[in-house]
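As structure tokens, here come the structures.
The two complexes that follow have subunit A in common; it is paired with subunit B in the first and with subunit C in the second.
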Partner chain A sequence: MLQIRNLTSVFPTDSGMIKAVNGVDFHLKQGQIVGLVGESGCGKSATMLSILRLLPHPGKIIQGEVLFEGEDLLKKPLSEMRKIRGRKISMIFQDPMTTLNPVFKVGEQIRESMVIHGFFKKDGWNGFDFFRRRRKRKEIDKVISLMEEVGIPSADLRYYDYPHQFSGGMQQRALIAIALACNPRVILADEPTTALDVTIQAQILDLLRRINEEHGTGIILVTHDLGVAAEFCHEIAVMYAGRIVERSKTDDIIEDPKHPYTQGLLKSIPRIVKHKQKLYVIPGSVPDLLQMPPGCAFAPRCVYAIKKCKEKNVPLTEIEEGRYVRCINYI
Partner chain B sequence: MSEPLIEIKNLKKYFYKKPSILARTLARKETEEIKALDGVDMQIFDGETVGLVGESGCGKTTFGRTILRLYEPNDGKIFFKGRDITRTPQSELKGFRAKAQIIFQNPYSSLNPRKTVREILSVPLKKAGVVNPAERNWRIYELLNRVGLNPRHIDLYPHQFSGGQRQRIGIARALAMRPKFIVADEPVSALDVSVQAQIINLMEELQEQYDLTYLFIAHDLSVIYYVSNRVVVMYLGKIVEYAETAELFEHPLHPYTNALLSAIPIVDKKQRRKRIILEGTVPTPVNPPKGCRFSTRCYRKKGKICEEVIPPLKDVGNGHMLACHLY
Partner chain C sequence: MKGIKILERILLAIPIMLGIAIIIFFFMRLTPGDPVDIMMGKAGMVSKAEIANLRKEFNLDKPLHIQLFLFLKGLLKFDLGKSFTKGMPVMELIKETLPATIELALFAMMFALIIAIPVGVISAVKQNSWIDRFAMAGSFFGISMPHFWLAIVAILIFSVKLNLLPTQGRISYGVELAHITGLYVFDSIVTGNLEALIDTLKHIILPAVSLGSAMAAIVARVMRSSMLEVLRQDYIVLARAKGLPEWLVITKHAVKNALIPTITVVGLQMGVLLGGNMIIETVFGWPGIGRMVVNAIFARDYPLVQGVVMFYAFVYITANLIVDIIYTVVNPKIQL
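Let's turn to the complex of A and B:
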């Protein structure tokens, strides 16, 4: 349904081009949940923003295709993009407090998204409109039922509250309601639970899963928490320095990671097991995106690196059915 | 393990929120009392790591700061090595400050951006009586080496370091006084997984080398499981459960602990617990529930007793302390 091919986005800076997204390939099927995992600065969020063409200035997409329902989003005029954002593909951001507008009522903000996409009539002068109040009442009722669906208690009163009157979890629910308002086909969730506590995180993930099951909405979940990805997603893509290094079904990737970076990442998280071992540490640190090594980006830190790794970059190759790895050891 | 290093008895810390003069005169609003800590008892023994978990706003950080006297407690007693330090004037706390240090959560805001690493680390050394600059420099080199930083970076400013490196500077600063006891207030929450592993390993090495005692505050339960010998679970300013790590993770008794444990996303499929999804959110500490603090969200509520009587912290065997009416 959503297919991303060779997407490359750059940020030009004084000291050179930063390739935040460097040839990313992946696809999302109908009703699927894909997790995009990686450390901070590896280009997860930049990928999401590139899909919707929302990269902040001076970021630019220089290459690639984003095919949504057979059409390339990157070639569409901006006016059509505006109709797709929030209508067909919507996004949930990390920090709900900064995403909601503090001076408008939460309910109105949810209603606004439906007004913009033409589900409701525009506010303001619409000609002689004798049933304006009755119509607005109906609209509000619809928003309230949406708020109830995402689990906001006493929604009829909460409609008139301002964002600061909501707790973190409730604000995130309100954002999900905005994202859901037009019944989109795809939701891009950029670290939706990072700012929340574990018990609230469980509630929100449960809600997203329910939405996925009931509406068949595809979800791309960006997270740095492997646990969240492992429990929630059908498929996981691991990113490192702007590239996807491994992608496959969740169980495969967790039980039998192929790429050395994925292996290291999985070994370095503390687990709840009886025999305590020292935590594994991936040697070195993330490369500077300005001075990327010519070959595999992970090669300088990799324990299996051979001479060839540092010379040539390998493409993401399918080694088994549905398992893609970008590593020379599997070719 | 006979004499506790730190003993805390019935510690209370309230914050006060005074309404604006307009609200006070017109609406007759009274000063709100925020009960951040409401009667906490705990013992920390020499050389162990005590993990402290709970959701945000449950008083974890307040607790860490109050036992170091960075906040003045409203009530209760703090004993350090058997000595009561609850009411010692700040000017006489110097000896205690040298022995008890803190590592802060946010490595971006806890270092002065206008001071170099040398200046940052000089402060505690000067206080510790290292007056000779040459000796001080030598000690700083030693500290930087110990926490895995390049001593060549001694004259750099904090913004020139990555998050993990900054946290190492924070650790070096805490170590400068050669303390016995360190409160680690979410030292790894702001870091990436691979950096997190480095810092945790470093902290464990240091503990072995210098025979440190940690109070490790975190909201990530798998980190807590990994580092601590004993775990304390807090909810709304009160301890709800307290046991050896393995005991707590294998036989959690309090409904809140159970829910918390089930809510952590776990990578391994086999270890997942049946998820208990709690309704609602934590009530405000301004007006906490009258009885058991957890009664508003509890899914195993016994009845009226939960809403009216505060359950005492009782030993249920094997040093497993619990505050619940069910047992």
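Let's turn to the complex of A and C:
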């Protein structure tokens, strides 16, 4: 349903081009949940923003395709793009505290999404509006039932609250309600639980899973937490320095990670055990996106690296049915 | 709850006003020159007895602390005393000249806001474009040029060379206008007096533009910088991700947030417009409070200057209070 092909986005800076997204390929099937996992700054969020063409200035997409229902979103005029944003593909952001507009009532912000996409309009003539008040009441009722659906208690009162009167978890629920307002086909969830407490995190993920099951909404979940992705996603794509390094079904990745970076990530998940042991740390640090090594971006930190790794960059290759790895050791 | 807070603020203003009253009382008496001498100097040929009489009439023969006491006692009853030079109660004189000053300030502010807010918004949205650079150069000009200079240049161009606009006063001789509020433009609209409306508008354009240009410049800059700040926020990305058209993102989601810092500046500037217009009123012969107080200072008319300064202090305090109240409306996070 949503297919991303060779997507490349750059941020020009004074000291050179930063390739935040570097030839990313993956797809999301109807009703599927795909996890996009990687460290901070590896280009996960930039990939999401590129899909909706919302990269902040001066970032721009320089090549690739974003095929949605058979059409390339990158080629659409902006006016068409607006009809897709929030209507067919919507987004949930990382930090709910700063993402809701502080000067508007929460309920109104949810209602706005529906109004803007003509969700309340009847077909045909829509001229004089004799029953404006009554119609608005209907709209508000619809928003309130949506707020109830995402688990905001006493929604009829909280409709009129401002964002700062909501807790972080409730704010994120409100944002999910905004994303859900027009019953979209795809939700791009950009680290939706990072800013929240662990207990709230589980509730929000449950909510997203329920939405996925009940509405058949496809979800791309961006997270830096492989544990969350393993719990929640059907498929996982691991990103490193702007590239996808491994992609396959969740079970395969968790049980038998192929790429050395994925192996490192899995090893560095803390576990609760009786005897304290030192946490595994991947040696080295993320490469400077301005000075990317010519070969595999992970080679300088990789324990299996051979000479060729540093010379040549290999493409993402299918090594088994549905398993894609970008590593010379498997070719 | 809100009412109590507002009342608290009003009560807090009382000690401030008292402080100002005492300071202005002594400052006036520290200025060299004696009011009676100045009056008599104009009249010429007066006897010692007449001078003594005048001093007695103005209470200038009493010791300083008694004079202060009398002034403060008057304030309690909203009695600002009697003007030395005009022989009328100061309160009456302020009431008489206030409409002219208010009208000028309102027009100056309208001019400033109508220009400044759109310019600030467009400059921010088109940051670093030629429009932005041109607007910011213009606003730099507006801030740096003293407004009396702007006023004189405007008179030279529009009145002297082009002969389009009058240079003095509020209304031409011979134009009849019924006084209702004393705001001439308003009065002429209410009475349907087209001739007076055109005439009063012609009179007010130059002073209002000269007075408002500095405010326009400042407000445009503040609006631009707060818009730039707001446009970087996450909620703007959300607004775009919802599928809102860009003009709605700007005018609805960004502007309301960007107005919050701008309102502070506008409120302070409103005080400046009402209380800092002596020069403009003098240049344009505008019969307002500013021109009256300038003349009063030259004549050492103690009660009149004291009264007007008290009035200015009152205006500033009220403007600040109104700003704080508007704040709570625009920004739900802030409560008084």
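Basically, the second predicted complex is superposed on the first by the 317 of 331 C-alpha atoms of A that agree within 3 Å, B and C clash if a C-alpha of one lies under 4 Å from a C-alpha of the other, contacts with A are read in each partner's own complex, and residues count from 1 in each chain.
To be clear about the criterion, contacts are C-beta pairs under 8 Å (C-beta built on N, C-alpha and C of every residue); 3 or more make two chains touch, one makes a residue touch a chain.
A quick note: this is a predicted structure, and the numbers were derived from the prediction, not measured.
Residue by residue along subunit A, subunit B and subunit C are tallied for touches, and B comes out ahead. When the shared chain is aligned, subunit C comes close enough to touch A:85, but subunit B does not. When the two complexes are overlaid on their common chain A, residue A:172 makes contact with neither subunit B nor subunit C. In the superposition on chain A, A:39 makes contact with subunit B only, while subunit C stays out of contact range. Judged by the touch definition given at the top, the superposed model places A:117 against subunit C, while subunit B stays out of reach.
Judged by the touch definition given at the top, the superposed model places A:98 against subunit C, while subunit B stays out of reach.
Of the two partner chains, neither subunit B nor subunit C is touched by A:22. In the superposed model, A:52 makes contact with subunit C only, not with subunit B.
In the superposition on chain A, A:217 makes contact with neither subunit B nor subunit C.
No residue of subunit A contacts both subunit B in one complex and subunit C in the other. Those residues of subunit A that touch subunit B in the shared complex are 39-40, 153, 167, 169-170, 197-203, 205-206, 224-228, 230-232, 251, 254-255, 264-266, 268-274, 276, 278-282, 285. The residues of subunit A lying in touch with subunit C in their complex are 49, 52, 54, 56, 82-87, 90-91, 93, 95, 98-104, 112-113, 116-117, 162, 164, 175, 178. Within the complex formed with subunit A, the subunit C residues making contact are 232-235, 237-245, 248, 253, 256-257, 330-333. The touching residues of subunit B, when paired with subunit A in their complex, are 55-56, 162, 164, 192-198, 200-201, 204, 219, 221-223, 225-227, 246, 249, 259-260, 262-269, 271-272, 275, 277-278, 280-281.
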